[in-house]
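Down below is the structure, laid out as structure tokens.
To keep things simple, chains are lettered A, B and C as they appear, and every chain counts its residues starting from 1.
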């Protein structure tokens, strides 16, 4: 185990970890929202994310930016990112709704057993992945250079690039916004009610169908934003980019306590950090491996995750 | 006893063992189309169960003989069935029939194993393929002349014959099943799912990175063919798929009998009890954890066996083979066919391989376009490329209209019907 | 209203079985906390061999919690539960069943997709030692235990009176049959102590009378019975002793006559303050 590397790069690893963790957190929120309300592992969420990455690319294409163009000026770059966020979020949300209407709603109407939902989720995932794969001839697509690489903050070994800064800032804003929405608005109350007791909520006048659609939309929006920043951070995307990221994000959601919004955020951040520290300690090849070991170890000692489960309360 | 379906029409549940079941009662309305289709679907099963014992054995043997005959070309010529035509959409044009049968047979083997874990005990294992990997790698390591156990570490003096490696492969797979299950089976269902998924990924990563023994992407070539070598050194099974198919088919048949033994015993009862109400089962004296572990171990053993068989045929094992999608494919096979049911697992395993392959050849036969050009970009939309997308659609459609699977256990079908009637508020 | 708490005239003297007073299960100063809620507060009583003990109290008194503690579902926060002198708190649930404590559930928890016979067979399996190897290879132990289990199941289904529908799925059985099936299943585990959680809920008077007879017959076979019930007539009619809980504490412990006359018990049910009684 390479402790010296860990100590030497600690600031860098921490910053990278928080950045990556923010992306995981946003996607994890989508998983945890759906699980909290429907008790369903939304396998297709990884593809919702993937579509967002391509939507962002498409948006930048509209700006005339692709992997070959030079970096635009800062105002243009920010505008392009902003536009991409909006469009990717909308596309992802639309995809999420599509999956809900095609794969889950018909099953709920027939009160199908939980395993059936898992299968349709898998089917929807395959479908989306393969269609996009065909359309993109299964090759990776480069992301245009947008933000300058020079660190914006550079204090005593702690360096933060513009990319990292914007990622974390936007992610925090989105998460706080979501928390506020769920805790303080009427719609959010509806979500919490349905998460706790769907039938009673319906009896109290909450429109279950609409709440469920809302939950998918919210998750999709989060994933779309994450997709934009994942594009910028990794510099490329491919039709199967959703798979591993989805798996990790879901693990993060479980880590924090599935169904618990703050838990998902915490889990995502934690996973990002642990991954990065582990890759210094054990070598970057083992990064994913360590992430899973951490998950299993945690679940053994705290079976309901770090903050426990509850969309109803969404509190630590 | 009679039940009403969701349109108020009478359905009859014929139960051979219940002498008090009334004969089919007619209703005022003629049973609708759906009821008749449902009844027709079950008819061969009911006919079969209605036969006296010797007759059932005869039909069974005939069926098995037929299966052994399937991959032979001369069989079709003998019957005068044109090859490559759509009349019998069995002999696909693009793939050797024997190959399809072989591939589906080892998926069937996997499905049988997973069926014990998911279908009987009700444990959501999404990483089942990891056990397959353990079995395949064990066989590869023990039998390949290029295996590092031989060349670098000198644990072996010479490569083992395939038959000798198999028991070890099964044992190791079983051990890994117990090791995985021990810490994780106390977790609730959904957590178990994600943990098992992580496990399979971990195995794949280890296989990819590991250089001191497993050889990563470069893999281990020249795995021995079953069942061993002739005296002149050439392998007994060559590159024809047929003997492999027969071997796996034999294993499947033996396994079906063994699984039936398990299911129709205290163990099977315990598994169903665990699946239906784990806490009540434990309070009734069922040692829940122990039997869950056994389910895992049995499933893992079968998975490992399947891996060893496959490695013997493919002769090459590397980390690329063990994608997570295969775990999911096997799960889909089990649930598509009907979980908790041996026949369902077999049917599901077969379809999961057969449908994408059939779709490949359908494209050819119908002359569907291979690609279209839109706006200067050429897209490959041949059915071959789209086959997994179509498969995804098939999964969705089947789950919507027949969530109990295509050939469900009578009980499961009844349970699902019952759930439909339980729909409460809101929808 | 007071009349309901008087034992009906037909009750005889306390059962001769309980005269031996051999302790079977001791609830020893048990306190059970769930987070901030104190469900059981220093509850202390003894169950003697061969008696029929009733556990009563108003809703929320902690009866089912106490029940669950006694059958191993919950572990006491303080205190201990002793069965035949040995501490059973914290033991694995299926081990407790093997020691000889069986139970039924307030809201029936049968295995819905198994037949009545199969449900009872699961109970009978509790003491069987067949495991995967024996089952796979069809060893003699498997055949012997299957035969024994089937015989026991047949006998018990007959004993509780539902043998005519033994091959039906348990969820299709009428309510009365389901309750009795639960009892048969519990008896199949060959218990020394049978705990019944509101076995008469939803029964009409005739069914309650049948149940009363069944409980007596169960005791006659040597099984000790613990009973939670709301129906006072039933409780007074069948039990030898009664323990009364209120708000997690024991407030009375004695024969039906004693308990029926106890003003604290009246107050607990009627909400009349003790000093105003």
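Quick notes on this one:
In the analysis below, a contact is a pair of C-beta atoms (placed from the backbone, for glycine too) under 8 Å apart; a residue touches a chain by one contact, two chains touch by 3 or more.
Please read all numbers here as calculations on a predicted model, not as lab measurements.
Closest chain to the protein centre (all Cα atoms averaged), using per-chain Cα means: B. In this assembly, A is the chain whose CA centroid lies farthest from the centroid of chain C. One simple way to say how far apart two chains are is to compare their mean CA positions; for chain A and chain B this gives 33 Å. Per-chain Cα centroids separate chain B from chain C by 44 Å. Between the Cα centres of chain A and chain C there is a gap of 50 Å.
Shared interface positions of chain B, defined as residues touching 2 or more other chains, are 415. In chain A, there is no position where the chain touches two or more neighbouring chains simultaneously. On chain B, the positions that touch chain A within their shared complex are 118, 124, 183-184, 186-188, 190-191, 193-195, 197-199, 201-202, 205-206, 209, 324, 328, 331-332, 335-336, 339, 379-381, 385-386, 388-389, 391-396, 398-400, 403-404, 415-416, 419-420, 422-427.
Contact residues of chain A toward chain B in the complex are 35, 39, 41, 102-103, 106-113, 115-120, 122-131, 133-135, 137, 198-199, 202-203, 208-209, 243, 247, 250-251, 254, 258, 285-286, 288-289, 292-293, 295-296, 299-300, 303. Residues 71-73, 92-94, 97-98, 102-103, 105, 109-114, 118, 121-123, 125-128, 130-132, 135-138, 142, 145-146, 149, 167-169, 171-172, 185-186, 189 of chain C touch chain B in their complex. Listed in rising order, the residues of chain B touching chain C in the complex are 1, 15, 17-18, 258, 261-262, 265-270, 272-273, 276-277, 279-288, 290, 294, 297-298, 411-412, 414-415, 418.
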